[in-house]
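Pasting the structures in now, so scroll down.
Each of the two complexes below includes chain A, the first together with chain B, the second together with chain C.
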Partner chain A sequence: MTTQHAPDSMYRSTEGLGIWEHRGKVAAVGIGHSPTARRWDETPETSMGAWSILALRRAMEDAGVSPDQVDGLVVVPETTTGANWPEGKALPMDVVNAFNTTSDPLDGVAQLSTEWLLKNMPELTNVKFTMYAPVCMSAALAVAAQAVGDGLTHTCLVLKSWHNLEGRYYQGGANAEDAIPGTPAIRNLWGAPASYGTALQFAEYCRKYGKTHDMMAPFMENSRRNGLMFPEGYWAQHRPERLTEEDYLVARWIAKPASLYDNDIPIMVSGAYLFTTAERAQSMKRKPVYILNHATSTTQPRSLTPTLDEVEEDTARTARKIYEGAGITAKDLSFENMYDGFSLFHQFHLEGLGYRGIKFGEALDFYQTDISIEGPNPVSPSGGNIGSGRSRFWMHTDCIQQLQGRAGDRQVTGVKPEIAVSGGPMPTGGSFTVWSATPD
Partner chain B sequence: MTILISFDIDGTLEVGDPPGVLTLDMMRIAQDKGFWIGSCSDRTLSGQRDLWELHEIRVDFVATKPMLPEIMSRFKADGYYHIGDREDLDKRYALAAGFEFLWPHEAVLMPWFLPEGSPETG
Partner chain C sequence: MVKQGVLPDEFSKPFWDAANDERLVIQNCKACDRLQHPPLPACRRCGSEDSLEWKEMSGRGTIYNHGVVYDCPVRLLQDDQPFNVAVIMLDDDPGIQMFSHLPGAPVDDVPAGASVEVIFEASANGQKVPEWRVTG
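Moving on, here comes the complex of A and B:
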């Protein structure tokens, strides 16, 4: 079976599409997570491939679905954005050979194919639909939701995995070469940290609206607090350390005004969900969480990095797409779980959504109010990447768990969890999902 | 003669992630000998305090890397040393702040960390 990348037609990326044709007819039921680790210890048991299999099996078990019932698999083949296998480093053949292999020896180690997964999960006997989505779980969810809605699969596993190797993130791959082809040659020439674009936007945001970096502190504290109540996450599992206002304010700059803690910590982790039709979901083990819409932004900036104006235009446009397809307004959101890795762009997502009526330039003031899970205006109850490490999927897990009423200590209590939105990664490029406790 | 030693944690101390070659007992020995000791790490200040409380070491300071100049101004010592495992995040910050810098594998050889009465210390 050859797996294709999802065609553009599967994403809802323009305005004016109306209500999503499958609104409320697709549901998330099962969740599966691997453990987390800061870096790979180079054993087969903790390899990205092994943890991918574990996450998929846990998602099926969580949904009460037997492997032979699964007929679809949507996977993100990239498993890092900055931990490339070092050139010249010997292949870990003991790990490679511990699994059934494909033509790429790094399959299951530093990238992931559906072929590798199916070869190593013989119990998935009925998978007839496979598809790749780029980079993030957010995109994979849009693809899986559309595929189930379109009838391409009725019981579909969705997977995103991350590996992390020893050494520094973003120092290898093309960044370690003497020459870089194409546009990145201009963008990367100066060796700027990954967060520099967001830092520029945030600096302009502070200038335009008269805000300061210090005003981020309550959001950061709240995110780590929520993350420490997320048992699947890195900080909760390995370093249950709070992040106080003092901690945040004395952190060193990475790309001023982006400090160390405004950048998420790279980790190893796999996450999987089981999507199915609303009908089939009724007979599964967990309460279905219905998908009201998915929306995607594919906006290209005019220059090397988006300006604040472009960001604001696009987050507003994305929100219109989100609400239009779901048939809801901002007032319907019980909470929001937009992406945060880099923390300094979370407020762009928030303001674009008009969450709780806030307008451009008001989010940092909003952060000074009660944004906790106990209050009436929960912000990022998942804690996001800030709270649990770089996965780009905690916000999705949290939305499902909150609406299923099984978010544990993180369960929102100040609002009734009915409708939520999650997605990312970037304010000007990403995919977003609207979740609901009921199908209509 | 009073010496102040600033310890990086990750990659430097045995409790770091990854673990380093310097042990907590070495810190205790240096402190018993009258050195000012403390940690200077990318870990949060609260996380560093919790770590020392857990291991029952009463450090004289906790700091982030940019705080080294402040540490120097707070403690009047005859020598200031920072021990760390990173060129960019330890050596550069240390030298810029006026500290002497030691890599962990150099630091373990210093007589500061030998118990009193050891042959090397006379």
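Moving on, here comes the complex of A and C:
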């Protein structure tokens, strides 16, 4: 079976499409997570491939679905947190040979194919539909939701995995060379780290609206607090430490005004979900969480890096798409779980959504109010990447768990969990899902 | 600070050849009369590949924004940390951005909105690179 990348037609990326034709007819019924680790210890048991299998099996178990019932598999093939397998480094053949292999020995180690998964999960005997989605779980969820709605699959696993190798983030490859090719040099010669673009937008935001970096502290404390109540996450599992306002304010800069804690910590982790039709979900183990819409932004900046104007125009446009397809307004959101990995753009997502009526330039003032899970205006109850490490899927898991009433210590208590939105990654490019406790 | 060397490829060669001649050129679509940077194989507006040209710029611009890099992933620049990375918007078209280390400007003391002019600096392999100097 050859797996194709999802065509553009599967994403709802323009305005004016109306209510999503499958609104309330697709449901999430299972969640599976692997453990987390800061970096791979190069054993087979903790390889990205092994944890992918574990997450998929846990998602099926969580849903009470047997493997032979699964007929679809949507996977993100890219698994890097920033490091690829170093050129010239010997392949870990003991790991490679611990699994059934494909033609690429890095499959299951530093990338992932559906072929590798199906070869190593012989229990998936009835998978007839496979598809790739790019980079993030958010895109994979959009593809899976559309595929189930369109009838391409009725019981579909969705997977995103991350490998994180030894060495410092992004410091190998071209960045270690004495010279680089001319086309990427036009952008990369100046040595800006990954969070630089977001730092620029945040700096402009602060100048325009008279805000300061210090005003991010309540959001950061709240996100780590929520993350420490996320037992699947990195900080809860390995470093159960609060992040105080003082910790945040004295942290070293990475790309000022982005500090160490404004950058999410790269980790090893795999996450999986099981989607099915609303009809089939009725007979499954878990309370279904219905999908009211998915929406995608594919906006490109005019030049090297998005300006604040470009960001604000696009987050507002994305929100209109989200609400239009779901048939809801901002007032219908019980809470939000928009992406945060870099923390300094979470407010762009919030302001675009108009969450709790906030307008452009008001989110940092909003952060100074009660944004906890106990209050009436929960912000990022998952804790996001800031609270649990770089997965870009804690936000989706949290929406499902909150609406099922099984978020544990993280369960929101200041609002009734009925409708929520999650997605990302970037304010100017990403996919978003609207979740609901009921199909209507 | 000396940047990584540049190995011009077929696509970017006109940009880098012009830099060696101390001229700043930016890709332009003749059909749309619209600049685009970074360069692309086709015009982002009309999709044309045949109407693209390299157009010489005035070499003047404005500092639009800046950040200060303390944790640089590029090995050759790490001894120079912290350093400015500014975004310049060209006077010829303020929608077009270029990055700059702003040679001569103090770290984190960057006058937003200040005028700048292009200069050309040699990179590690001698290829000249457009940079920007504050003029007022």
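Assume the second predicted complex is superposed on the first by the 427 of 440 C-alpha atoms of A that agree within 3 Å, B and C clash if a C-alpha of one lies under 4 Å from a C-alpha of the other, contacts with A are read in each partner's own complex, and residues count from 1 in each chain.
The criterion applied here is as follows: a residue touches a chain if its C-beta (ideal position, glycine included) is under 8 Å from a C-beta of that chain, and two chains touch if they have at least 3 such contacts.
Source: prediction; values computed, not measured.
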* Kindly classify A:Arg207 by the partners it touches after superposition: chain B alone (first), chain C alone (second), both, or neither? => second
* Asked: Is A:Gln237 in contact with chain B, with chain C, with both, or with neither (first, second, both, neither)?
  -> neither
* To do: Scan A:Val250 for contacts with chain B and chain C and give back first, second, both or neither.
  => first
* To do: Quick one: name whichever of chain B and chain C touches more residues of chain A.
  => C
* Structure fact -> Where chain B and chain C land on the same part of chain A: residues 252-253
* **Touching residues (chain side chain B, partner chain A) in the complex** => 17-18, 42-47, 50, 64-67
* chain C partner contacts - residues on chain A that touch it in the complex -> 168-171, 175-183, 185-194, 196, 199-200, 203-204, 207, 252-258, 300, 302-305, 307
* Mind pulling up the chain C residues that touch chain A in the complex? -> 3-9, 11-13, 15-16, 36-39, 44, 64-77, 82-83, 85, 87, 95-101, 108, 112, 123-125, 129
* **chain B partner contacts - residues on chain A that touch it in the complex** => 38, 166, 238-239, 241-244, 246-247, 250-253, 260-261
